[in-house]
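The structure under discussion is supplied below as structure tokens; questions concerning it will follow.
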């Protein structure tokens, strides 16, 4: 998983119908890369979130046929980074 | 997912027959990397699209036996990028 | 797999309920990249661990429906690096 | 998918027996990275090919138990790159 | 797949029990990145090997429940690199 900061929303009217009702947000990762995540946990702009990528991202949705590859699985309360 | 801009088409006459009828396009990502995506949503040159990669890319096709690893799942109307 | 050093913990109260009881830690990889891993093996801060990423990370949990993409599979006693 | 140029062959006598009869070639990607691909389409040195990576690479083989992670799915006739 | 050079061994006494009997080695890739591979083919230090990553790495083991993400599938006799 990676930690990301939610920095924006994405709107797409024309999309695969299996995506209706899902919310897509932009997350910025530690290495400054930006990815689009499906928000499953009710994240808002500015939240630090835990993100799962790849096939794991489809495990929490009701149907595994939904074509996503990144999802928020938690909102981070805190972390300690010993480095 | 990632956001990409459609910048070109790809033609391949000699290919796996399961690919017949699919359209392949070049998308440029935010980090300037170029990938080839299967266009599922009717994207055109210049469109900003939402792209799913990996096994998720096969979830929307009628058969999951088709050997692709990237697909357009939506055409982006807009996004806000708070950074 | 990759070798990582456990350098911190991650806390998330609001999360997918399938994650309850799992411990999440920050691991730093050889290339200095930091990822979040699910700790399956009882690792502590400072331990060098062997990490599996992708769908393989879900093979050791009781349910494969848990949305993770990285897990510790062993604590490293030693390694020789011939380079 | 990515576009690669076939630049060489790979020979391995001692290998997993499921790989017998498969041809392995070196492909150079746009970012100059070199990967080894299983050639499914009859590509030759110098050909530009379309490459699928990950689990999608196993969809075209008769058995999905063959341990490969990259395959040629088409020989490219041409592409336009608007950038 | 990628070509790697085997440069060391990894020992882990405390590990997931499904890993008992498997050998883990450090492989250095062309881009100088180091990864840990499960050795399936009897590779030794200094051997050039062909490595499959991701879910493909689990196809050759007796059980696909073993949490690995990289495996040696062949020892390379030679390759020609036209670049």
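We just call them A, B, C, D and E in the order they show up, numbering each chain from 1.
Rule of thumb we're sticking to: contacts are C-beta pairs under 8 Å (C-beta built on N, C-alpha and C of every residue); 3 or more make two chains touch, one makes a residue touch a chain.
Computed from a predicted model, the values in this text were never measured in an experiment.
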Minimum number of chain-to-chain touching steps separating chain A from chain D: 2
Angle of rotation relating chain C to chain D [CA atoms, steps of 5 degrees]: 145
Distance from chain E to chain B - Cα centre to Cα centre, in angstrom: 31
Gap in Å, rounded to a whole number, between the CA centres of chain B and chain A: 19
Overlap residues in chain E, where contacts from two or more other chains coincide: 54-55, 57
Complete ring sequence of chains beginning with chain A, oriented so that chain B follows: A, B, D, E, C
Chain B residues within the chain A interface of the complex: 1-3, 30-31, 40-42, 50, 52-57, 59-60, 71, 73-83
Residues of chain B that touch chain D when the two form their complex: 7-16, 18-19, 24, 26, 28, 33-38, 45-46, 54-55, 57-58, 64-70
